[in-house]
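Shared between the two complexes below is chain A, which has chain B as its partner in the first and chain C in the second.
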Partner chain A sequence: MNIPVVLAILVVFAFLAFRKANLFILALAWWIGAFVFFRFGFTAPIPASVISIYMGIVSLATLAFVSSSEQRREEVSRPLLRLMTEKRFAPLLAATIIAIPALAAANVYVQMNVPIEPPFFPRTIHPASPPEITVHEKKISIDLGDNPFRELEKSNPQEFRQHVENGRRVYYQNCVFCHGDNLAGNGMFVHGLDPIPTNFADGDTIANLRETFLFWRASKGGPGLPEEGGPWNSAMPAWEKILKEDEIWDAVLFLYEFTGERPRAREEHAQ
Partner chain B sequence: MTARHIIGGCAAVLLTALGAATMGPTVVAVRAQGPDIGTQAQRDSGKTLYLKNCSQCHGDNGDGEGYATPHLFPKPRNFTSGKFKVRTTPNGALPTHQDLVNIIRRGMPYTSMPAWPGLSDGEVSDLAYFIKTFYPDFASAEAPKPMELPSAPASTQASIDLGKKLYVDTGCVKCHGNVGRGDGASAPTLMDEFGQPIRAANLTQSWTFRGGSTREDIFRTMTTGLNGTPMPSFTEALTVEQRWAITDYITSLSGSEGPNYRNLVVAKHVLDTIDMAKGAANFAAAPAARFPIIGQIMEPGREFHPPVTSVMVQAVYDEESIAFLVRWNDMRVDNTGTAGPMLPVPIEEEAAKPAAAPGAAAAAAADPFAETTTAEAPPSEFNDAVAIQIPSAIPTGARKPYFIFGDAQSPVDLWFFDLARKEPIQFTGRGSADLAENDTGDLTGTASYDQGEWSVIFKRPLRPSTGAAFVPGTFLPVAFSVWDGFSRERGNRRALTSWYSIYVEPEVVTSAAAPMIRTALIILVFELVVVGLVRRRYGAGARGALGGEPSHPAATRA
Partner chain C sequence: MNGVRSKQLLFVLGPLTGLVMFGAVIIVATFLTNREYREPDRAPIAIVDPTPRASGLADEAAAADAAAKAKPYVEAEYRRFPVVGSRVAIWAVAQLHLLFAAFVLAVPIFALIIEVIGYKTGDKRYDRLAHEFSKLLSVSFSLTATFGAFLTFMLIALYPKFTNYLMSVFSPTFLPYVLLFFAEAFFLYTYYYGWGKFHPLVHIALGAGLNLVGTGIMLIANSWLTFMMSPRGISDSGALISLEDAINNYTWMPINVHRIIANVAFGGSVAAAYAAFKFLAADTDEERAHYDWMGYIGNFVAIISFLPLPFAGYWLAKEIYAYSQTLGLTMMGGAFSWLFIIQAVLIGNLFLGANYYLWLGMGRVEGAQPFQRFVKYLLVAIVLCFMIWATPRSIIATVSEIRAMGGSTHPILGFFGVMSAKNTAVNILILTTFMSFLLYRRTGRTATVSWAKTGQAVQLLIFGAAAVFVIFLGVYGYFVEASVRIGLSVPQVSSVLFAMVSISVIDIFLFRRPKLTGEVRWGRIPAISQYVLIFIAVTFTWLMGLMGYVRSGLRQHWHVYGVIRDTSPDAFTPTLGFATQVVSVTVLLFFVLIGFVFWLASLHDRPDFEAGTKAS
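Let's turn to the complex of A and B:
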């Protein structure tokens, strides 16, 4: 909820009530106030199509209310009739008659001059991984496997450190150009990439992924994505062409060590 | 508390204040004379940050030999050399503390040195203090003093014109080229003091300037020089006014503040038949789109730091054909070797010294400002080349060919132009390792090189015998590759773009005027009818039916 906007709307209505505003003004205020409330009153934006449905309902409700009795009908139509018939309102009437078609024409102009944008094709950012992949002629289970060096973290911390350090080397010799020095997906080539490289340091993404998933994405890269991932656009290389299996596992370890994240644990299924 | 205590306390406070007032300036003076190397705690904090964030490139010992170094160009700074490029201090001097802080904060555009906006001011300062420990003079000599850098006078046409003349007279052209594209006669031979090849800045792309692109930045670079590089200080040779004039000229060369990268090029319909002899004049009506270029770092035989950072593309079509004009900046023409999209690149070459033309080291001894260049950089084995890539068939949905030379399912047409040849040739690509020449004979082209810029025109029928047609009113994916022969680029070692789009604008663009007038008229007529009806019923100008009612409507409601 966007508190200042809601407060502003309440203040305007309080003012109108205090002035005992005409029903026509009030109906107009309800309509505009409802629009402002839906459009700006929420911090998470409501889609334009939903707003137009809401506003349709508001319009019908307003019409129903103002036409619900002879008195209300008259009260609403009186200002309009005075505008159209009284001499002293003639300039205002002329201005209104000209302004409405002009605004409509301007709207048509804006609608017809939308900047040309290439067609947009949505893609799935983290599509489902295959259950098993083959890297350097070795079968690796993505569903059931694990980073083979993860257990060293407890059993042999010194060797674990070496793997992380090797992962650091691999990262800064290969990944840094796109994923960036601080792993935030802001390397020196990002301005030429779409989709942009994954941000490992956002405190969220890799914490929700398993290490085997990262291994799959690194070893098979963009070309290894399923159709819904848009494999033709992704600049992520299939690192199996350049790196050894161990180097990819080490780089995955490094991503978690540098960012302080923990990989998502394997989901244990009831047997 | 007794009165004595209070008086004593007051006296102590007074004395302290007096002491501070008299001591203050002395303390400042001592600090200004001595070295500015921070406290042990600051340096320790800087060391921790350095080992996490910097050492992968600059090395644990600050010698510029980190993990990433073999793949980087320009090379990471060797802090033990005491040579720092971007400074406010005189040529050859160490940078101030603030200079180091600034470069960490801002980074160096279009190099592997990123900006570090995520570090706090204290952290950046600690890092700068730690970096100073790598070079003993920071601790032994007094803190470097910045040069006087006067504020910028207004840029005028007169100062730009004066700058243009001075730019030639001072010898800037020898490295930076006649119109500033970094293509001067000495440019191919330039080496830095570490024995690494170095490129003269392209002055027409200010967003790539390592030290920043503001007028103050440019003036500072000319004033202080870039230590360790062939870029000297011009404090002796040029007055302050002259340096500002050259600054204004350089600023005028870029045309825009930023690169304004696009994701779309619009092909305009032209009434005149496209005439290859007319060259770039065919494209006068077509808007230019600048696409960012990145290194091909996805397939083995990678290129990590291509010299070309962007291409400018324009397109037009007539009744029969579509033509593309592709322009980019290149230091020199390389057309005495070979070129090809599939030439092999040994994997060892990925980590080799970039662009070190054999014999360039000898040439480097020569003064870039010498009247005659004593040593020419030898010719490259490889030619400059360029390619346009489009899908072989118009994509029906989201699916496109893989952006690097296509894939087995969806091939691409590659219009490849070895710039040593007269005409481009067409390949069909089904992946980097699967390119086949497929010369249908309907692709033609011309290429020209002028003052550091290649201009290459490709022309092909709109509806070829085989291949994707360009249909007015539709989009087609398009991508580009550029090879710089001087940098030994060929095959996978090249610069490329990801997929962008070309929009073939229809010959007749629907004007908004007719729908606008129609809408306005319909509403106007409706309004007039309503007003007319209302007036007929209630009478115009008269109080009529409403006459007797009070003017404040709320009164009736109440």
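Let's turn to the complex of A and C:
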């Protein structure tokens, strides 16, 4: 949070409450305050697309509130009527008439005056996996399969640890350069890549996926991504050409062990 | 004597003259024939050797004849619909059929409920209201059947191979379907035309029969379309092994439940839009009062049915994941995930619209002013939940915005993009809407029972406890694995349902013999409220079209997922913009047609035409 901005907004609202401002002024203040909060109130800025959604909601809610009762409708329309009908407000009315298109023009200027950037390709977070893949001439079901070493976690913890350790070795010999020391998608090559490598440590991404999905992504890499949602431009190699099947499964185990996440379980059909 | 000779001469000369004339004809004909053009004498080889062109034409005709005779029968895989293509054509027709079918199934459900309320309470207003709702049925039923036939012919004509396969699997269900359809026609027309003609219980039984048969039809049709999505009961090559499994596939029951609830919500909203249309066109205060009340009831039915809908949706999504991880990921994380942001925006607007209508409705009641002060708190809760629900998981951002955020996920908003946050938001939205309804219900009444204060405190406690519990589970969901997190939605839903039921029960006893502090002045509501009802109906319809596209489009390049591949030129996923345009046009067509239904229903109330007078 950008504390000074948040405090400034609070001070303005406290002042308006103290002055018992008219509903019209308050509604205007809410709208502007919300925009300032979303635009400048966060240290990591919110993208414009999300601000548009939020401001759409705020606009609708503000309109709903000011028109939700006869008293409020009357209260909010009174200053507008006075502005438009009383002679002493004529200069203010003229200024308002000029300000509205001027603000629209200023908005267009701000929207257009942006630095030149590479074209933007909206991508889906999780590409859809095929139901089945073939790795080293072995068919592996992505929909119905499981990590063959996962069951060792309970049946033979010692052997399970060996697989995790092997996965650690595989990761730090092959994956670390892009996905980083701490698995946060910030390896030394990251600045040359777009899209950036997946962050395994964000507490969410791999927790929503099954191990077979990760196996598919690792074994088939960028070339194995589906046509839907492309172009992908992923630099991820197809690791099946370098690693053995067991090594990929071990690396998947390591990802979950290191991050403390649990893989998504297979959903069961409700009978 | 001379006379006799003359007769003998004539007897001889007659045939002679005839012979001469015959000879003359022969001579003249021979002369003319001899002067006719004749081919010059040629060597025999020139006669059998025609010109190259004539030979070519003859060969071509012979070849065409032979080819026509030898043409084998080949079953067409696809046929092309002109201009818009087969997919858009079948999409629009199927959607229109579904919208009318949903309306025809929904109206009898709540018409029957209202009729039963009228019968139990003895209040004739409810009976009249139920009858008025059912006026919309008969034309809608005809349009549903027409679009159903249209859809069937389109399937046979445009997708013959795929249709043939579906028939091979589901042919045993066709006869029951047709028989149920006949039964539905019987019940529907008897229910409508028999209004007031039978004993009320007989009429209610007819209504129950209509609902039962209508639901049966829907269940059968649902088995066909859910099989396309999650086929079951077939061999690897697609041959039928078990019809029971094919019907009871993974998504059949969730779709059944989801559709029954959604149909009632949709039907209620369209009926409320009809009332709004009549309210706006009303000439007298009596008419306005009646249609205001009708709109209120229709909207009440719509919103009450709408509240459990998200949970039915979660169940459906869970079964989709259970059937295929690929389908689940395509839906929630892949190509279709952005449609859920559009869905969230629409549903958020529905909640906002529903609450707004209730707040406007407080203006009908004298002495509702004290309740208006709660509106801002309810609005803040709605706005926060709406924002959380509409926050995308995969944010559209420029490269510089992504760099400024430190990755493709925002460090704070990222928490709002996942299921824990969404589930919590929708549950709180439901609780808030329920609270708005409760406040509306209290306008103009004061509880007089001795335990009124305690009762209200308990209600508040239950409400607060449910809200805290829902938020706690939402936060807890961030710290557990996905399968546990999904399971948390059950106690969240249960606590909300428990709160709504228990608070309602307390409320009924609390306001048993209330002190009336203000009269409900039906019809005294601003016109904007009626546009809100129309907005809610349009949004519901649009939402149905959009989510129907998601469900059907998930199969991507499969007619029957994993069994019958779509090899037509339309086997690609259209852009979101194109899909929303098709949905919009279909919704527009539906409202044009339903406007026609409204107009036909309004003819019923018009005076008969008499020559020399103008019908009003």
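Things to note:
Criterion: the second predicted complex is superposed on the first by the 150 of 271 C-alpha atoms of A that agree within 3 Å, B and C clash if a C-alpha of one lies under 4 Å from a C-alpha of the other, contacts with A are read in each partner's own complex, and residues count from 1 in each chain.
The rule is short, and it goes like this: a residue touches a chain if its C-beta (ideal position, glycine included) is under 8 Å from a C-beta of that chain, and two chains touch if they have at least 3 such contacts.
No experiment lies behind these values; they were computed from the predicted model shown.
Of the two partner chains placed by superposition, chain B and chain C are both touched by A:E117. By the touch criterion stated above, A:T212 is placed in contact with chain C alone, chain B being left untouched. Looking at the shared chain after the overlay, A:F65 reaches chain C, while chain B stays out of its contact range. Once the two complexes are laid over each other on the shared chain, residue contacts for A:P130 go to chain C alone; chain B is not touched. In the superposed model, A:D194 makes contact with both chain B and chain C.
By the document's definition of touching, of the two partners only chain B reaches A:L93; chain C does not. In the superposed pair of complexes, A:M84 makes contact with chain B only, with no contact to chain C. Look at A:N233: by the touch rule set out above, it reaches chain B but stays clear of chain C.
Where the contact sets of chain A with chain B and with chain C meet, they give residues 71, 117-118, 123, 194.
For chain A in complex with chain C, the residues that touch the partner chain are 42, 44-50, 53-54, 56-58, 60-61, 64-65, 67-73, 115, 117-118, 120, 122-131, 142-143, 185, 194-196, 199, 202-204, 207-208, 210, 212-213, 228-229, 261-270. Within the complex, the chain C residues that touch chain A are 250, 253, 315, 318-319, 321-330, 332-335, 337, 341, 345, 348-349, 352, 355-356, 359-360, 362-363, 369, 372, 375-376, 379, 382-383, 386-387, 390-402, 404-414, 418, 478, 481-483, 486, 526, 528, 556, 562, 573. Across the complex, chain A meets chain B through its residues 19-23, 71, 75, 78-82, 84-87, 93, 97, 100-102, 104-106, 108-109, 112-113, 116-119, 121, 123, 168-169, 171-174, 176-178, 180-182, 184, 186-189, 191-194, 221-223, 227, 230-233, 235-237, 241-242, 258. Against chain A, in their complex, chain B makes its touches with residues 52-53, 56-57, 66-68, 70-71, 110-112, 114, 116, 118, 261, 263-264, 266, 291-295, 297-300, 304, 397-403, 407, 410, 475, 497-501, 503, 510, 512, 515-517, 519-521, 523-524, 527-528, 530-531, 534-535, 538-544, 546, 549, 553-554, 556-558.
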